[in-house]
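Two complexes come next, and they have one chain in common, subunit A, joined by subunit B in the first and subunit C in the second.
After this line comes the complex of A and B, so read on.
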């Protein structure tokens, strides 16, 4: 660790991992509710488990991004963080807001929570992924703005690099697009259109810039390849991301009441969306092939390569699978969407956060890399989580194909719940894969507590 | 492998083209990109470059396998199971996604190796280097 203020990243990473564990536990609860409908009912109804599962995902990824920014920006800018104290205060505010929100979801019925938190003053609740009560949403805006102020001031007073600029662009975009969470038109078509401004333009727009910057930073550190080479790749990747991703929003506008031309725009541009992920994968492998040093942190290298591959598969391949309008006519809102969502989020954003944590945590704990023993366990966790996520995706895809056929293609279409019963076998297999994923996550946690002599660098 | 030099620029250029054509054959121009590979293979000046020859040989044979396994097996499943059977489509779609993605990923690794001026052998379907 080159700058003492980088240490503020550590609590962010710890909180991120803690919330990640919570997300997976609620995922398993919900997965079981798919096949045992009364499981934990009425204590944790399905809609609440789902809300906690998805909200925890978003919050822990945001914790990860903020921790990454606090670690990365001082090193890129070659200066201490503008205000480490502000970063610590924001950490506790954000954590308290997140925990109180989850307690609110679990403790009172959602409608009561809406009444208690002033939703009638400005109606923002009740929309998927944006279920947070108004005070939480306002808290997110305050935390985001103060965080951006801190990071931007750090960049402004120090060296300006492509990586920190791309990261800032992504983070500012993240904050700006979140403002659409406060716009809730009565017209349901407009409501959905602007809802996607947050959801799509986050994950298929500005978050990809954050991902690219984080991956580029780690690759510079672990491969020793010239910054100029990596920055050129980064320019290409973010250009491809913005060219394809912005108008790619159109693939969410099929069949929701928007004009038909969105079927062409959405199909064409989102068919191109795998290209930046393709470039990201070739970039990661190419940098590792051209490495000038053998960095002792093998686990971080594995996570970095895994991010490229899994994001290409999850976001690229599984996204393309149902993005063309004529195909989406059948697949819309089926388990195919769930399959894509799981692998894309894991491959792109979970893995890039774990890449960063894997690289930075040993340095934050005063060593270049963890011991060989610790890294072996971490690599086991990589394979357990990644392979089980591949199976989760495949089982959901299998369930989706059958669901589409039985519900939408067969000459005698069956009702939704009848079909759900018929694909239960795949939900069971998905659940068992989820258990293995949890085992992988626990192995990941355990790797932090394995001692031994830190691994050392050797010449290439 | 010592005959491959990362500074073999003409060889590297053709190796990158070969891997790109392999990927294009899988992704955007099936058939046409394969014809491009064949045309490249027929050029003696290209085959004379060790790195280009290695990548060309790998991508040509991997493309033949890909065609046979993606086209042939998928068609076989549909012909045997029937075009109106749910289970035929279930098997074909899952098989195609998994196998096609695997072939594309191998091509991406091959492309990154070619860019770095290094040889690459496709797992399982790639031919061994001639003695």
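After this line comes the complex of A and C, so read on.
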């Protein structure tokens, strides 16, 4: 750590990991509800567990992005953070907002929560991923703006690098597109159309800029490859991202009432979306192969390479699988969607955050890298989580193919619930894979508590 | 990527390409919004339908079901549910959910909707069923 204000990143990373654990516990609850339908009913109905699962995911990823920005920007800008105090205040505000929201979901019926929190003033609740009550949504905006102000001021007063500009662009985009969460017209088609301005333009747009910047930063640090080379790659990757991803939004406009020309535009451009993810993988391996130093943090290197591979598999391959309109006609809103959603979110955004945390946390704790023992455990957790996520994806894909066949293609299509019963075996296997995932996550937690002599760089 | 292709060229391609495609996307968005009235059946959006959308949202139905294929995959598609069950069938289903669930089965909450709210949610679902979705879903099972 070169600047003392980078230390504010630490609570952000800790909170991120804590909420990640909560996310997975609710994932396992839902996984069980898939096969034992009335598990925890009526105390925690499925829709409540789902809100908790997905909202915790989003909130912890945002914690991770903010922590990453607080860590990375001072170092890139070669100056202290504009206001570390503001960063700490915002941390507590954001954590309180997140925790209170989850408590609200669990403690009272959703309709009551809506009434209590002023949904009648401005109706924004009850849409997937955007379930947060109005005060939470406003809180997110306030925190995001104050955070962006802090980061932007830091960049402005210091050295300007490509990495910090791309990161800033991504973060500003994240905040701006979130404003569409406040637009909820009565017309369902319009509602759905602009809902994707948040969801798609986040994960297949501006978040990829954040991902690219974070990965580029870590790669510079661990490989020692020339900044010029890495920054050129970064530009190429994010160009490919936006050139394909903006019009790629069309892959969500096939069947929601929007004009049919989107079947062409959406299919063609989203079919190209795997390219930036492929470039990201090549980039990560290329830089590691061309490394100029042997960084002692082997775990961070593993996470960085893993991000490349898994985001390509989850977003690129599993995205391509169902993105052409004639295929999506059958797969739309099936378990195939769930399979893709899991591996894409894990491979891209979970893993890039864990890459950053893996690299920065030891430095925040006063050493260049953790002990060999701690790193071995962390690498075990990498493999446990990653391999179990591959299996979750495969089982959901199998369930999805059967579901589509029985419900949408067979000559005698069967009702949804009848089909669900027939594919229960795959949901059981998904749940067991989820248990392994949790074991991996616990190993990850444990790796923070394994002491020992910090690993040192070995001459190669 | 060496020599001839410099970083500043990469930067210019990025800004140029992104702005171009962003504007193109905006243009298509405007065109879509203009074309929607022919497909979204907005003339049928009565105050009752609007009320129904609010019931849909404040009960978080999307947390279990899909609507036009978007949402959760735990329970059936509802964009075509009125075609599947009929208006009375939909109302009867919603009102008859046991408060403590069905042993061992995926259970839908009992929302204790009033008669008016039932009318509203059904009107909303019926309206969604009339939207021109390019023939999705493939069949009545959703």
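The criterion applied here is as follows: the second predicted complex is superposed on the first by the 459 of 460 C-alpha atoms of A that agree within 3 Å, B and C clash if a C-alpha of one lies under 4 Å from a C-alpha of the other, contacts with A are read in each partner's own complex, and residues count from 1 in each chain.
Convention: contacts are C-beta pairs under 8 Å (C-beta built on N, C-alpha and C of every residue); 3 or more make two chains touch, one makes a residue touch a chain.
The shown structure was predicted, so the numbers you read here are calculated from the model rather than taken from an experiment.
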Let me test your reading of the model: by the given contact rule, A:414 touches which partner, first (subunit B), second (subunit C), both or neither?
second
Tell me which partner A:282 touches in the superposition: subunit B (first), subunit C (second), both or neither.
first
So, does A:355 touch the first partner subunit B, the second partner subunit C, both, or neither?
neither
Taking the superposition as given, does A:101 touch the first partner, subunit B, the second, subunit C, both, or neither?
neither
Based on the superposed arrangement, let me know which partner A:128 touches: subunit B (first), subunit C (second), both, or neither?
second
Which superposed partner A:301 touches (first subunit B, second subunit C, both, neither)
neither
Touch test for A:110: subunit B only (first), subunit C only (second), both, or neither?
second
By residue count, is subunit A touched more by subunit B or by subunit C?
C
Contacts of A:397 with subunit B and subunit C, given as first, second, both or neither:
first
Can you list the residues on subunit C that touch subunit A in the complex?
1, 5-7, 10-11, 13-14, 17-18, 21-22, 24-25, 28-29, 31-33, 35-36, 39-40, 42, 45, 49-50, 53-54, 56-64, 66-77, 99-107, 109, 111, 127-128, 131-134, 136-142
Touch list for subunit A against partner subunit B, complex
278, 281-282, 285-286, 289-290, 309, 312-313, 317, 321, 394, 397-398, 401-402, 405-406, 410
Touching subunit C in the complex: which residues of subunit A?
30, 33-34, 36-38, 41-42, 45-48, 50-51, 110-111, 114-115, 119, 123, 125-128, 131, 162, 184, 186-190, 192-193, 228-229, 231-233, 235-236, 238-239, 242-243, 246-247, 249, 252-260, 262-263, 265, 329-330, 332-335, 337-338, 407-409, 413-417, 420
Using the touch definition from the top, list the residues of subunit B that touch subunit A in their complex.
86, 89-90, 93-94, 97-98, 101, 104-105, 108-109, 111-113, 115-116, 118
